[in-house]
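Going in written order, the chains are labelled A, B, C and D, and every chain counts its residues from 1.
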Amino acid sequence: MAESQGYRVLWYTEWLSSQEAHIHAIKRIIFDGYTKYQRVTLAETGSFGLTLFLDGYAQSSEYDEFVYHEALVHPAMLTHPKPEKVLIIGGGEGATLREVLKHPTVKRAVMVDIDGELLEIVKKYMVKWHQNCFNDPRAEVVVADGKKYLEETSETFDVIILDLTDPTKGTPGVQLYTKEFYEEIYDKLSKDGVMVTQATSTRYNIDAFSVINNTVASVFPVERPYKAHVATFYSEWGFALGSKSRDPLGIPRNELSERLGRLGLKFLDEEIFYHLFHFPRYLKEKMQQYKQISTVAQPFQIEL
Amino acid sequence: MAESQGYRVLWYTEWLSSQEAHIHAIKRIIFDGYTKYQRVTLAETGSFGLTLFLDGYAQSSEYDEFVYHEALVHPAMLTHPKPEKVLIIGGGEGATLREVLKHPTVKRAVMVDIDGELLEIVKKYMVKWHQNCFNDPRAEVVVADGKKYLEETSETFDVIILDLTDPTKGTPGVQLYTKEFYEEIYDKLSKDGVMVTQATSTRYNIDAFSVINNTVASVFPVERPYKAHVATFYSEWGFALGSKSRDPLGIPRNELSERLGRLGLKFLDEEIFYHLFHFPRYLKEKMQQYKQISTVAQPFQIEL
Amino acid sequence: MAESQGYRVLWYTEWLSSQEAHIHAIKRIIFDGYTKYQRVTLAETGSFGLTLFLDGYAQSSEYDEFVYHEALVHPAMLTHPKPEKVLIIGGGEGATLREVLKHPTVKRAVMVDIDGELLEIVKKYMVKWHQNCFNDPRAEVVVADGKKYLEETSETFDVIILDLTDPTKGTPGVQLYTKEFYEEIYDKLSKDGVMVTQATSTRYNIDAFSVINNTVASVFPVERPYKAHVATFYSEWGFALGSKSRDPLGIPRNELSERLGRLGLKFLDEEIFYHLFHFPRYLKEKMQQYKQISTVAQPFQIEL
Amino acid sequence: MAESQGYRVLWYTEWLSSQEAHIHAIKRIIFDGYTKYQRVTLAETGSFGLTLFLDGYAQSSEYDEFVYHEALVHPAMLTHPKPEKVLIIGGGEGATLREVLKHPTVKRAVMVDIDGELLEIVKKYMVKWHQNCFNDPRAEVVVADGKKYLEETSETFDVIILDLTDPTKGTPGVQLYTKEFYEEIYDKLSKDGVMVTQATSTRYNIDAFSVINNTVASVFPVERPYKAHVATFYSEWGFALGSKSRDPLGIPRNELSERLGRLGLKFLDEEIFYHLFHFPRYLKEKMQQYKQISTVAQPFQIEL
């Protein structure tokens, strides 16, 4: 079997629920093993090129990692009038850091990821993602528990970005989607501070998406749910943005246009920026069915 | 195994390419068999509820059939200033006809589907889709080859809607995506006539999507590619709109607002209407890689 | 998609464990639905022809249903010197009854199956299996709970055959593999009475196979585990035979030869008869690891 | 995801035909890559432990590699009255060589495998298979094309064992199942020489199994098809034995008993030895449907 034909034998299965899955032919495994925290599989897929999977789910792929990372990073960065200090929790691929560093106002960007073994794999095999941004003099990479780091730091940040795995039942990540954690974030944000978190799929986990947004809204005076279609996730992917003062939909139009234009992005532009925050009626109705918020005492968890 | 637990045994597999598939647990088969033209499977899926599959692919599901059908029908209908006579080729589920009949200007809507056996299954089991619109006095349902019907009719129409299966290699549908067929449609459209066709996935068949749009553009003075995220198709779904005179992006804003408002839709609204036609940079770049058009002599075909 | 090409779309998945499965392309669903007791799927598979699946598992297929049914029925029938009255519990396909009736000594064969709806499906679609044996004047078919029937009958039988689904956790079938149930059977067997039960796969459920044999052995003075390769089950399938007096390996050779020869079988012959009872060393060693027996108080259950 | 739970994400799919497959959850990939000749995947499976897959098919697993290797090696070795010089073509795992060296008469065993890269992987990761037999002073391992080696050698051998991948369409292995190749083997066998080849599945490739046996029978005066149930292959696996003089079924009973007893095997014993060569009626009838032999001009090939 020549490499070009090595398909259809090894399949990665993403269980979107117990009744639905997406399967990828794996052309070649670059790495498969268990770090202290998770199963890491880096593989060449048939359709998406090089793809990183953590504990059963694609985190991002060569095909469109920039869609997810642009959508995660820039709305929060642009909502802040002048982001200088940025904290990323998670974000092991380095692409979130890469996007943050595109903003010329940034003076310091700290990325805290718990999984040092994953970082070594990323550094070695995923240059297309990090593009050596780890070496940028403004960047600091810390291997630590992000929650602990946040609690213990005396620094404040202008923007905090949560690039985490989903709050799946039984995983420690569940705590990083609670009201108490968002309160901790609020405290560590500077005056006009902005936070954003990935918020699961609006298709497969509309309950999780709604609850995460409810929870951020219970802490921040300005809150906006948003979503972008990420092909690698087979659905529109959700996010939750919390802001201490400025509303992303209230950014002066010429400021938005100018700052966005300077970034040279592949996915996000002005028209799309506004559309991110616009939901069709049927989705708004679904979101309104979920009123709860996630707390340490009663955390929301995704069950498969 | 109680019905509520009857999952994970029977799976419907949609092969998006030879290296990627989406699999659905089938809770119950309502119908599975072969008509003269295709394999028809109507099933309760685990995630999308009742879903119609033809020859291996979901055509629409209870979950969001309205997204696909609203996106297919209304941009073309709204582009025409006053659509009175409408022709639908394909559209067996009856939902395309249902959407057409929402427009109060419509006096006559003809739906031509080749598969009479499929229509019987739809009438019996898919009331949620057709909502008995087949009985509307303005509607006429014809069991016939759509291409032949079009060639032989002496009527002209204001809007022609092509709700077809994909141009997969070796299927007769390939002919319904050629320049010659679109020329036939042009001839049967009245002065301000508008046509629209589904145009496959912008993710899995960006080549097909581009070629279909190129081909429509080679016949019609106004042409617009557009897309909408349809969860049941795991991707953004593409369409191609051809118009003899009016540009969908040139509809007077107050007219658009008023006519759209009257329809009471679940997915499409004004903001989304404009966004349909807006593509991110990376997709525009991909589309520009495909210059060819599909002709009878050299038809474009999807190969799996 | 012509019927001859209608493959690779709908797949039946048999979960042999949580980590292994066998998948069949379904060419056509003949019946899929839920009776009061189970999900019944009758389908044309790509490799085995018409196949009956109950609650997720192939029960038998056109390809080699006779292997399973000959292996289930004849060792017990031949172990009895002159079987006249036979009771079958389960056996909905009718093929077990068909094999029983091949023995010319049989005067009365009662088949008790709990699922009357299944029997109707079998009668209608599975003539290849039952070959109209339900109409044999010696046969009586009773729709009833086999356990209850056995407890309430005042009849005794020469041979009792248990043709049941596996003792999967949470199913009522679990009770039909307990010591107490086998004691009830012992009581309803005549002097030289023989019982046999299917005993799951020697590959996927060697623990269940061993425990079932241990349990039969705790009740019957003569007990023999045996197995046969059934292609439709992808493994060697196990059985447990209990006898009040005669040992299957002690049947006079000329009697065995003569009686077996008269049956005109496709799978079982003299050489194979002896080999059924012979296990390779590695399997014997595995079997010896399981010492327990299944009781009403502590029933053995297969967990997936 | 702890290692113990790392299941159900990555699946190896063995396509038994285009309409049937067996899937294995992969707990961990030990090696996955392409040598010059094939895709090599060494993985911990959920059900079979460490398993070697070549180009899409399990070659052998920890669970029962000894069944396959004992069945391949010993019938031929025992058919020869006193095997001293043995040639193995293929057999990369080293387990065939390991079994050969158990025979005390063996003075020289040459193993010729074309894939040197595979051998390095085996040496490093598959000690359970080869048990360091490569270092036995009687063993010689040659990295070469087996066909060429055989043609060029001036040596003769008492037993030649073909431990090859299947004759799948388009692979070079097809030539190693032709009459011409078996004639070459005949020439390189000593007076009482014996050959054996694996001969695919009697279930999934009964045509291939029959043709291989026909072809061996067209060259050797004594020929015996045989089979053994190998759980890792989900079916009974076939073999073809050709002998210049002695018939395996004619080995003096006391010689067989003594030689076999000395080997200390886990699967093969006297009873099983005879049963290997015994086929049930329905399989014999299937085999008789295939009359052809495979030649260089018209080679038999398995098509999927």
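Things to note:
By our rule, contacts are C-beta pairs under 8 Å (C-beta built on N, C-alpha and C of every residue); 3 or more make two chains touch, one makes a residue touch a chain.
Remember, it's a predicted structure, so these values are computed and weren't measured experimentally.
Common neighbours of subunit B and subunit C under the contact definition above are absent. In this assembly, B is the chain whose CA centroid lies farthest from the centroid of subunit D. The mean-CA centres of subunit A and subunit B are about 34 angstrom from one another, to the nearest whole unit. Here the spacing of subunit A and subunit C, counted between their Cα centres, is 54 Å.
Among the residues of subunit A, those touching two or more other chains are numbered 8, 23.
Those chain pairs judged to touch are A-B, A-D, B-C, C-D.
Residues 1-3, 6, 8-13, 15, 23, 26, 28-29, 32-34, 38-39, 41, 53, 55-56 of subunit A are the ones that touch subunit D when the two sit in their complex.
Listing the residues of subunit B that touch subunit A in their complex gives 7-8, 16-25, 27, 45-47, 64, 66-67, 203-204, 229, 231, 234-236, 265-269, 271-272, 274-275, 278, 280-282.
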